[in-house]
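As structure tokens, here come the structures.
Both complexes below contain chain A, partnered by chain B and then by chain C.
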Partner chain A sequence: MLAITSQTSPPIETQKQPRAAVLLLSMAYAILVASMTTPVMIWIVILAACACVVRISFYLRWQTAPLRMRTINLLAILGALALAWFSLSIGLLLSMVNLLVMACAFKLMHIAHEKDVKQLFVTLLFLTACGFIFQQSLVYTGLYVSVALILLVALLQFNAPQQSLKHSIRYVAIQLVQGLPIAILLFLVLPQLPPLWQMPTAKGAKTGLSDSVTPGDIADLSQSSELAFRATFASEIPSPPQRYWRVMTLEQFDGKTWQISPTRKQVNRQYRSLNKQFSPSLAGPTWSYQVIAEPSHQRWLFGLDIAQANSNGNNAIIQGHEYQLLAQRPLVSALSYDVESYYTEPLNHTLLSIDHRINLQLPQSGNSLTQRWVEDKLAELDASAHPRERAEYILAQLRDHFSQQQFRYTLRPDPMPSDPVDRFMFDAQAGFCAHYASTLTYILRLANIPARMVTGYQGGELQASGVMSIYQYDAHAWVEAWYDERGWVRIDPTAWVSPDRIDFGLEQAMRDEGSFLADSPLSLARFKNVALFNNLRLWFAQLDYEWSKWVLGFDANRQDDLLEQLFGRLTPLKLSLIGVTVVLTVGLLLALYIMPQLRKKQGDKLTMIYQKSADLVVEFTGTPRGHLPPSHYFQAVQDKLPNLARTCFSELTQRYQQHHYARPSETRSESEKQFKHLHSKLKRHLQKSR
Partner chain B sequence: MNKSITPVLDVLGKTIIGKSEQLKLALTCLLSNGHLLIEDLPGMGKTSLSHALASAFGLAYSRIQFTSDLLPADMLGANIFDVQKQQFSFHPGPIFNEVVLADEINRASPKTQSALLEAMEERQVSLDGTTHTLPQPFFVIATQNPMHQAGTYPLPESQLDRFLMRITLGYPNWEAERTMLKRSGTTSGVMASSQPVSKQQLIAWQQEITQVHSANAIIDYILRLVSYSRESGEFANPLSPRASKAILVSARAWAWLHGRDHVIPEDVQEVFTAVAEHRLRGSATDSDMNSQFSGKLMAAVDPLAA
Partner chain C sequence: MRLKGSIKPHIDGFVKRWLSQRIPPANRHRLTMRSIFILPSRFGWMFLLLCVGLFILGTNYQNNIMLLLCYLLVAIFLINLHASYWNFARLDISIDPIASGYAGEQSPLQLRIHPTNAKQAAVGKLQIANFNQPQSLSIDLIPQQPGNPTQVCQLSVDLPKRGVFQFPRITLSSFYPLGLYRCWTHLDFDREIVVYPTPLPCTLQLHQTGVDNEDASGLTTVVGHDDFAGLTPYVVGDSLNRIAWKQVAKQQNWVSKSFDSHHAVTGWLVLPTVSTEQLETALSKLAFQINQCTREGIQFGLLLGRQRIAPASGDQHRHACLRALAEFRLH
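Let's look at the complex of A and B:
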């Protein structure tokens, strides 16, 4: 991309028509970069913006002299060094995408030749395809299709500058429509291979819940209206207070941060090595539903307790020993799976000893005020009290404490860098779900009751036809405490202070504070109370759902179903025959279309070779061929050529002339091979004498 | 150069000194059986050239000085009542010659002009219902003075198209004029030199030229040239099919003149200005003597393009 090219023909900056084509290219580039601001680093985005401005100033003739190659090379070297440094932290895939974007920016700054435009076109097309790594939703698909359209129009404008823009757009649109049936056919019929390479999961690309929670550090909980997953209920739909979508169980607390217990990880490793899957025998009424999880680049999946799931894709689902669902591989694309949730079944199917050991862990020091508070409360209680009574007493005391001190639910808590539980209990007295869950879990553990924090999503917006959308802002944290008779029991302390959060969702709970989606002012979800916007939003959510269900969700299994419906039982032979037939048919049709043009080209091979040779001579002598006929051109340059090359080019010119214009009977002896030989001889001589 | 034609060129070269390119073009025009328009100031050798051409091939030569009162009959001839025979008999005018010099053609009235042009195209004269065939070969050399346009009738585009070529002679260079002056006493001697070729030879050559091969690539090149003139919108008077035929015919003659049995793009380019310029320019003749239109057209079309 960044190779230095020598100046031979007038730069494109000075020609009118290519400027329009290049402007179109830079427009497509600008849209692409704008759509990829997350994976592309900010300084590269700025560089891209500069390149576009350079292009615009050429177009409007604010500037006519091309940028100096040396300047661009210097910039490129600096950029490459910076990128190399950053690539250490962002991983291979992101570095490559960044590299492509950066290279395009430099190429855009210096377009001197026809080949530069073509190179840029191909790279931009590749970059458009790269965009789908990060975004696959309907909106982005539409965006990328229009980017591809702009690119094609630009290419057409470049190659046929006499066409009007309107005509070009129509022409490209017609071609696109013509290509559509082929694309659909190939999409439906061709076997869907598993990805050829493992997609490296970059840190920045992960979305969803993080695997550790530090409530004290968060001053302003960032919320996103991005979709987390969708559930389509075939059965009865759970009521809002029942919608606790489990994701992660955090069992290790160091006084500040909750994370997955290392002991638990070790235990799970052992289970895996013994190949012992968690498979409890479950009975009772169920909710059955299908989940389509958005690509999160994580392995965590979603389910209501106790969930049993079957994957519809090639990504297998593992049942965790903490009742959660895990995918075999990180979700790089949407994954759909069927779930049965046994909602009456108690959570007591795991080994008690391990759960006990892990969930009574306490940090060594810190939060002394809370420790003393629990000791005081326990002292009031009979020492021989049943653990259940102890738990209930502590819960009641804490609830009283919350209501007496008028604890508030807020998304903008004060930061609590040290002893966060103490600060929360006796000082700030306001926080969001993680604060409450963290505090309650810690207090229960202090009272010698096994407890753990569970994170996931709570709630979900029900749309028509049993489809529920769960967004990132539905993220939640709650507590599970162990009761000997009932197993793990879900306790949600957030509900004590803000019942609205559980019954009506975050938006209702935050109505007074006004902090719901405060940092994404343009999100349609903010305008739920405007009927038009809300309908629009719901309609669009439905459309997006259909898109993910039918297009993104069209995987190998669905394909098999479809083919089976069409062609009866499938055998591998039949399957491969269908694939081969389709490819051959499409290929044949294209060949029929292209062949006549190809044959015409073939007849003029010698012209092509002559032109190539003439190009070499042009490069060597600096005399453009213009539209001189062969022998005139030879006369024009013969004094500038070294002896051997002159003889060569003279012979080539004569032979070409003889072949091309003389009576056919005398030309049969002329073979392409001799021509090629002469061409390479000329090339050698020219290179030698350079 | 074709060996058989070199003696002719040598003889012409002795008469018109230092104008070998124009001589070759004029000869090409004669060989392709077309008519020639010479545009130049007085005294540049227009008459000498036409006279030399006629005498080189031993052709009957006449000269008509066009004036505003010249009538078609003065040129074509008339039926005159013969008192003795008691009937009309045709008296052929000066046009019934093999080489006709129509001097200052733009001074005659349009009526006379068109009579001449009709005769040029049809190669016959119709008078009172009788058709009189003109001699074969028949070669008209018309001249016009581009500078002094007062009281003239410029040839319309449709009639310019009838001339296969238009050439200008221009001033001779220093050396050529010096040679001419030194020889000025013996001019008549050169003119009277022996006749190198016969009329039959000329007709045979004309036949030979129609056999010169023009490959598809050449035809396509000519087609690209004319269609560019029609489609680009840069030319007020695009080239007609007659023009494309003229280009091919004269390129063939040019190729034959240079001893080749096939046409190459160089031939097309070398005759192109002479053949196409006056057609592209139209009747706007004033002062514009260069080759700007045809040059633009040739620069825009690549002879090699597939």
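Let's look at the complex of A and C:
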């Protein structure tokens, strides 16, 4: 019936302020997209940049008329069609992330209502969290937390436009700091569930070794100083030439590319359907260590031969018949597992017949020069020679060939598009570990000796306290051959040519060529010889290690350990008690945060005392106070009060009014004392005269 | 639908009764636990949904940082419950008495926001709406300045029809700080609004008699004086009004009071006997005449059914008469 309307139009200020909030949102968006250039397609990055430019031009009032909805819708439809086309090749996860980024771009171009700002905020926050699928290092965590901070500041600016930006940032930062203990508590105590369902993983996000090697491929990895995994040794630490971390075994060769053998895959499938796990009985001395694998979006794990592993988390580990470790699900987050490596055990536990059949496979044609070379060499040998003699003879011949022809180890090999083994053996005579391994394996197979290529990492940088970091540039390929009862024997032809690579690592080996991390000039790993930079790098590596170990590697097992350490054996009763304690602690923390507010409210203690006194008077006289001001109320009841009580109440009323409406002359604590004194006097008098 | 329609008034009545007990009318409201309601806003629920989404995503990708982020957002959600409440609880609101006005016009409304605390005041946007009505208008609470502690919001009230009303319950709400919660309160300010009938231009009709007789011949436009001048012997034809009855009662001769004639006339404004439909028009005409009389300085009385306001002049008298019009009801 009665409507309230605003008489004066709202101040123009409110028009300006949401723009600040939107600008903050677009800033957060720009940072997000810039940090996700790998998963996000380039044309979507450009689209996002356009959206940010549109926002900035709105902010600076270069553009005032909003973009037409029809234009944006048309763009959106075209974008969606393009994305649908690309999604066939990039997989579900990346399509979803790209879709989110694209949707945010269009939303940013057209913000018409308050609703749009809120939706944009929620989507961006979700996108920030998605960033953690691809990057989990300390640096990126810091970056994404700052993005979340910017988003929250934008939201605060949106809801309280009058507040200064500085104040808003402070406010949100305080809330984040206050929230952190609660979050950590929840993180430590809430159960670490296994995945509820299988999530799509990104094809493009895979890092590390690929499951096929065309000699030259691993050279790409050698340009990356990214961490592959870390190993923390509890036992003695293997010397550098012993650090051969097996990842996968490639047994199929088509003349150019090494792959996992289809026969092997089939055999493994059969084993799995029979539920026959590979579990050789091993004995002897071991290296025991814990591996924290970085998220690679692949299933391959790392171990020194012969590795037996136990997973700490929800992701089980399968022992392969090729002596390799395989996770049950792709590593979308860091995985820690404990390994025992029986380094003296021979690798002869598998079925010889199957291994022979798979590892004598040869390509139909090609590389004829090499074939002739092997035939020539074998002709010099007795046809009935033992396979071991044959193998040792071929190895010696090849070694001679390498040294006579002065083969070089290089990260910049010539391209070898056809008959790569021939080209390497007789033309280029310089190559990378994959060239050497590929050539040797092929030659051994030509000599009728079962051989295969193994890819993995060789080396590792030892940091303090038994922690070894293995980087992508440590990627390596070597050869295994089976020619006597020892089973598979590791042969590394790279070591013949460049012993430095095995003993001191890639950097040392590439010192003359200067190609170590040549593509990433700013990588701290390049400045190992500058003491300051090296210390900085090692310090940061240590910090990152702790981060991986305690945060990324925290899993169900570790959670149980922690709780048991704190509370002893976990019974259901104890667990429920812990739950209750957590809820209480969170409540307590929240109460702690509002303490300052409560203290400020205490300024009204005088009111409280007056109120109590007035209540006494009400009780005595039976006259309700209602909404009367103190002085009026005093006038209303003064005749009903006994003399002494009246003077008390009169003084109290006067003091109270003075306190409320005039500057009091005495300090607060003094007046509090006075008030209390008057109150108790009043109480006494009233009780007496009852 | 019909069921809903028949139940709704009952629910509304119940809510009103409950509210009037919980937040009784007052001229000034200091918000407390008793008067503040707080629930997650729609956006707040969206935020929680996002947290659930992050938990699922984090669990499925076994991603600890994502879980940590999720828990951090939940913690912020909890902290904001307090932040919202305490910010809103810093409000201390009063409204000034509302000036009377004519139906169809607007009356200014001053809403005062007092500081409750020397250091901190409520901030953010404050939404003001009528109780149970969706439209609201929003005020930016200005961060406190030392010189001017009280913020005065200039609003206005629509006065659609004649009458005397209690200022309706209003709803104040705030989404500060992050919009995750809505804090609101339904305040009842103990102020009345008097809405006069809209003046309707017409000719001035002053009756010479205070008695309600339509056919009285005393319908005039120019009689009446302001100042008493003296007594003159009664002449047949003098108005009965002018007979000095005190003197007559003292058994003296019949005398008439005579007035100085340098002033305009005096008389009565009378509400004619009308049907319900014509009542508003008649009252509007009276309102116009009251205003005109006051403007011209005419001394007039008002006869409204059984109600009678003695002749006088001046602004106070005008307001008294207009108020009588506002309150008038046919029986």
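Quick notes
The definition used in the following text is that the second predicted complex is superposed on the first by the 550 of 690 C-alpha atoms of A that agree within 3 Å, B and C clash if a C-alpha of one lies under 4 Å from a C-alpha of the other, contacts with A are read in each partner's own complex, and residues count from 1 in each chain.
In this text, contacts are C-beta pairs under 8 Å (C-beta built on N, C-alpha and C of every residue); 3 or more make two chains touch, one makes a residue touch a chain.
In this text, all values refer to a predicted model and were calculated from it rather than measured experimentally.
Shared-chain residue A:Y610: touches chain B; no touch with chain C. Contacts of A:F620 after superposition on the shared chain: neither chain B nor chain C is touched. In the superposition on chain A, contact is made by A:L125 with chain C only, not with chain B.
Applying the stated contact rule after C-alpha superposition, one finds that A:P629 touches chain B and leaves chain C untouched.
Set against each other, chain B and chain C touch different numbers of residues in chain A, with C touching more.
In the superposition on chain A, contact of A:Y323 is made with neither chain B nor chain C. When both complexes are overlaid on chain A, the residue A:Y473 reaches neither chain B nor chain C.
Overlaid on A, the two complexes show chain B and chain C touching the same residues of chain A, namely 600-601, 627.
If you check the complex, the residues on chain B that touch chain A are 213-215, 217-218, 261-266, 268-269, 298-304, 306.
Here chain A touches chain B in the complex through residues 600-601, 604, 607, 610-611, 626-632, 657, 660-664, going by the rule given at the top.
By the touch rule above, chain C contacts chain A in their complex via residues 26-27, 43, 46-47, 50, 53-54, 56-76, 78-83, 86, 106, 108-109, 117-120, 123-125, 128-130, 135, 137-143, 154-160, 165, 167-168, 170, 175-179, 190, 193. Only residues 1-8, 10-11, 13-14, 118, 122, 125-126, 128-130, 132-133, 136, 141, 144-145, 148, 152, 155-156, 158-163, 171, 175-176, 178-180, 182-184, 186-187, 190, 193-199, 313-315, 332-335, 551-552, 554-555, 586, 590, 593-594, 597, 600-601, 603, 627 of chain A touch chain C when the two sit together in their complex.
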